[in-house]
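What follows is chain A paired twice: with chain B in the first complex and chain C in the second.
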Partner chain A sequence: MKVAVVGAGPAGVRAVEQLVRAGLRPLWLDEAPDGGGRIYQRPPAGFRRGAAALYGLEAKRAQALHAALDAAKPAAEWRPDTLVWDVTWAEKRLHLLHQGRAEAVEVDAAILCTGAMDRVVPLPGWTRPGVTTLGGAQIALKAQGCAIGPKVVFLGSGPLLWLVAYQYMKAGANVAAVLDTTGFRRKLGALAGAPHDPVTLAKGLYYVARLRAAGVRVAEGVTPLAIEGEQPDAISALRWRDAAGREHSTACDAVGLGWGVRPELQLADLAGVPIGFDTVQHNWVPQRDALGRTPVPGLYVAGDGAGIGGAVVAEMAGACAAQAVLDDAGLPADQKLVNRLQRRLRRQARFRAALERAFPFPISLAATMPDETILCRCEAVTAGELRAAAAPEGPHGAAPEVNRAKAFTRIGMGRCQGRVCGAAAAEVLAAQLGTDAAGIGRLRGQAPVKPLPMPAWQGESA
Partner chain B sequence: MRLVRLADQDRPEITFCFEGAACTAREGDTLLTALLAGLAGFLRQSEFEDGPRAGFCLMGACQDCRVMVEGQGRVRACTTRCTAGMRVRRA
Partner chain C sequence: MSDSADVIIIGGGGAGCSAALYLAWRGARVILLERGLVGSQASGANYGGVRQQGRHAAELPLARRAHGIWRRLPELIGTDCEFAETGHLKLARNEAEAAELYAYLDTARAHGLPLEMLEGAALRERYPWLGADAVAASFAPQDGSANPRLLSPALARAARQAGATILEQTAVTACRREAGHFVVEAGGIRYSADRLLNTAGFWGGQVAAWFGETVPIRHHTPNMLVTEPVRYFIRPNLGVVGGNVYLRQIPRGNIIIGGGYGSGDPAVPMSRPDPVVTLRAMQRAAALVPQLADVSVIRSWSGIDGIMPDRLPVVGPSATTPGLLHAFGFSGHGFQLGPAVGAVLCELALDGRTETALDGLSIQRFARA
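For the complex of A and B:
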């Protein structure tokens, strides 16, 4: 039986580990040259910082995952530097790209562990050099030992905001401010009395306390207004409004921003997995059962790509999906392990719900962005242009959902395929049409999921 | 945009070529690091004339950091390793 595992982050590592344990030799694909995913990404050879410096309070977990990763590589058909750019599941075929060469492989089953990326809300100036996602700012530090600028502001909401700011401060970077769009009361209200993960909460409070103790400016309940700069290739300040309505301008050379993360689900989408809107995490997620089985036979999803749960959940979900593969193939599955992991996953899901309530996606911030804001950075489509697509008096009538609006405006039609702007664009259009994100739909996935050199595609070999 | 080298920077220097000029990087740098920790300032001009760009996600998703590498064509600077002798241009 040939099982493919796509992705070598926390979910992929634990999935492969279980398949290997059952005597299989899975085909293991990752776009990156090494595994670990983005959360436990290792720097290239020649970097010397140890796990404690790289992963902080998560060092032990990172080291355990790296050990499992390195042990599983020789036991699997490990193919790093390999992009899966399409899935044609009628033939159970994965389409790969490795060093500029395309190839198709046929498998019996696949576990998609495709991870997540930052969810962003565009604001005027966000396309300027000097602005990155929170995840990007973290990768610059972790994998390259660099800060995104001499003086950095972190903006957004969610656990990553505080974690990245803390990591920057600890590494000796100049953190000018941490600006949280969620008010303190909202967070407190969501966590008080709700089941939450005491360890995660304690870590969060620790990061906030350390930042404050270091004298970093911290503000909650803020409204970002614009990122400004005198030179076109640099920024000089972030303008924002505090909870009391006062306007501020914080001088900085870089801004890291993000509001939680969203699943990378393009491959599941292309494989025909139904995608539904999850109102708790305010994300589109592939349909799956508790173990990661999708309604498409032979296709499984695990980790953040299957719905946001974080790295701890991803490890357990990866192991469960592998057990589901074994069970469905009539191979002996470890039911005891599955039962134990399922209990822990149910508990984590309750914690997650509290976390999502504490750090909700700022719908109104997205919906009310100024008309002149570049919303789609690939195609330079403004929020105003998208709003115009919702007007019934336009040449084509009103776009009733987001894919129609894409056809009218080219929003989400660029090289990122709406990964970056899709979530915010949906809110802009939904507000204009008087509906919500679930009602406005989502940008459908298209192959190739990432740009492909034409000669590679023409030469695909099966 | 200027990246600041903070940690793990005692790696051997390598030289590469950007827009015809010799530049230095360190072994293990991505092209994005090599260019933006240097003096490039930005990586490309938006084809819609809304200004220069220098990447955004740094994890291979947003496709905003593309540059031209001789012999390889258009690549993402954030996921491409800078190697000695590489000849790079703005995309």
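For the complex of A and C:
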């Protein structure tokens, strides 16, 4: 039986580990040159910073995952640097791209461990060079050992905001400010009394305390106004309003921003897995059972790609999905392991809900962005153009849902296919149509998952 | 509850929406019933080619009439739907194909369609970016392309403004003729009218069957892709004899490429491109225009049209049921025709006749002998 595991982050590593334990030799694909996923991304060969410097409080987990990764590679058909750009599940076929060449493989089952991507809320000036997502800023540091700029402002909300700012500070970068759009009260209210993960919470408080102690400017409940620059291709300041309504301008030459993450679910979508809106995480997520089985036979999802849970949850979910594959194939499954992991996953789900309440997606910030903000940066579509598409006065009438708005404005039609701006665009459109993000529907996934270079066809005929 | 009108239209693609518009302009009471959103099937998903050259002689009168309407879209409906008369360049890649291009010149001339033949050095001089495969070409200056996502919604909006009732998310589940009227059931409501237009695209075969007219229609799912934007250098819409690849560039830079077929299930309805076909189209496009060798494809899709065995649509009165008019099965090239189809259906519905020749398009051709 040939099982493909797509992704070698925490979920993928633990899925492969279980499959190998059961005597299978899975086909293991990751578009990155090595495994570890985004959170434990490894620096390229020859870089010499140690795990403690790279991963901080996560060093132990990172090292354990890397050990499992390296141990599993020879036992699997390990194919890094390989993008799965389409799935045709009627033939159980994955379409791959490796070093610019296309190739198709047939499998019996697949576990999609495709991870997550930052959610951003565009603001005027965010298309200037020097603006990066929080995840991107972190990868620059972890994988390349460099900062996104000499003087950085971090903006957004969620645990990653504080973690990345802390990591930058520790690495010796100049952190000009950490601006959290969520108010302190909201966070406290959501976390107090609710079940939460004491370790995660303690870490978060530790990061905040360390940043404050180092004299980094920290503000909560802020409203970002614009990223400004004297030159068109550079940043000189971030303008923002504090919780009391006073305006500030913080000098900087780079901005890292992000408001939590959303599942990378295009492959599940292309394979025909039903996708629903999860109101707790405010994200579209693939339909699945507790072990990661989707309604599409032979197709499983685990980790953040199956719904945001974080790295710890992803490791457990990956192992569970592998056990589900074994069980469904009539192979012996480790029921004891599954039971134990399921108990822990249920507890984690409650923590997660509290976390999501503490750091909600800033719906109104997105919905009220100024008309002139470039919302879709691939196609240079402004928020005003999207709003106009929802108005009946336009020459094509009103777009009642998101795919029609895409058809009219080209929003989400560019290189990223709405993966970057989609969450914020949904709020702009929903507000205009008097509904919510679930009500306007979801941008349809379309192959290729990432841009497919023309010469790729040479792989096919080879 | 029931609702009555002079004319009921089933299907809001280019054909149905333009019919609604022309009928409303003439003051007829019109109800258009559309299962999804207007233009959500073939009319909204197609390649966007607005091409007359190469069409079968039976279709050319409609195509010529459509060309006149395309040109006047801004004054008629307030938007050009990105229609641009860039010309269409049809390439021959060997002598036999070139002979086919020459053979078509008489047909074109008979219908007043201007064409210009280009060969060898002249072809290369005008289009230096063409690959080595092209040996000859016929250039149709009055052809071009438009944005398919805009046409049906824009026609529907203008029709509404002119007084038509356009009901979306309203699937017709049954219809029949009863005591001289058509009774159409959709979304739990019975609509009635004296005239019925079948502009249901692929599903027009189903509608015809409700009136005892079975036709050999199949579904047809061309495979489409689009590249990232690059410098604008390909002005004409490009095709080849045989049609296994076609491409056009829009001024913002993206190149839209067609060729081969995806798959689909009209019962859902759903369609999807085929990744292997996508790669083959990329190969053929790069052979046609070598400069495309280093651009990236960012999206692919397909759509469902109805195709008839002779690749000609069914346009004209029903052979079984008075008052029923068909216009469906456009066989992969009905986007260009859409605006004229509505004009013709309007004349047939209200005047019982039209100036536009429809010979060879009647449903009668499929009646069993």
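We take it that the second predicted complex is superposed on the first by the 457 of 462 C-alpha atoms of A that agree within 3 Å, B and C clash if a C-alpha of one lies under 4 Å from a C-alpha of the other, contacts with A are read in each partner's own complex, and residues count from 1 in each chain.
As a working rule, a contact is a pair of C-beta atoms (placed from the backbone, for glycine too) under 8 Å apart; a residue touches a chain by one contact, two chains touch by 3 or more.
The structure displayed is predicted, hence computed values, not measured ones.
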| item | value |
| --- | --- |
| Room on chain A for both chain B and chain C (clash or fit) | fit |
| Which of chain B and chain C A:Thr127 touches, first, second, both or neither | first |
| Which superposed partner A:Gly434 touches (first chain B, second chain C, both, neither) | neither |
| Touched partner set for A:Val420, first chain B, second chain C, both or neither | first |
| Chain B versus chain C as contact partner of A:Trp85, first or second or both or neither | second |
| Partner chain(s) touched by A:Gly50 [first = chain B, second = chain C, both, neither] | neither |
| Partner chain in contact with A:Phe408 - chain B first, chain C second, else both or neither | second |
| Partner chain in contact with A:Pro453 - chain B first, chain C second, else both or neither | both |
| Which of chain B and chain C A:Asp233 touches, first, second, both or neither | first |
| Which superposed partner A:His95 touches (first chain B, second chain C, both, neither) | second |
| Chain A residues touched - chain C or chain B, whichever exceeds | B |
| Distance of closest approach, chain C and chain B, by C-alpha atoms in Å | 5 |
| Chain B and chain C footprints on chain A, overlapping residues | 414-415, 451, 453 |
| Contact set on chain B toward chain A in their complex | 1-12, 27-30, 33, 36-37, 41-43, 46, 48, 50-64, 66, 72-74, 78-79, 81 |
| List of chain A residues in touch with chain C within their complex | 85-86, 88, 95, 102, 104, 270, 394-397, 400, 404, 407-408, 413-415, 417, 446-448, 451-461 |
| Residues of chain A defined as touching chain B within the complex | 31-32, 38, 43-49, 53, 100, 117-118, 127-133, 135-137, 139-141, 144-150, 171-173, 232-235, 253-254, 264, 374, 377-380, 414-416, 419-420, 450-451, 453 |
| Touching residues on chain C, where the partner in the complex is chain A | 37, 44, 77-79, 149-150, 153-154, 156-157, 160, 227-228, 272-276, 278-280, 282-283, 285-286, 292-301 |
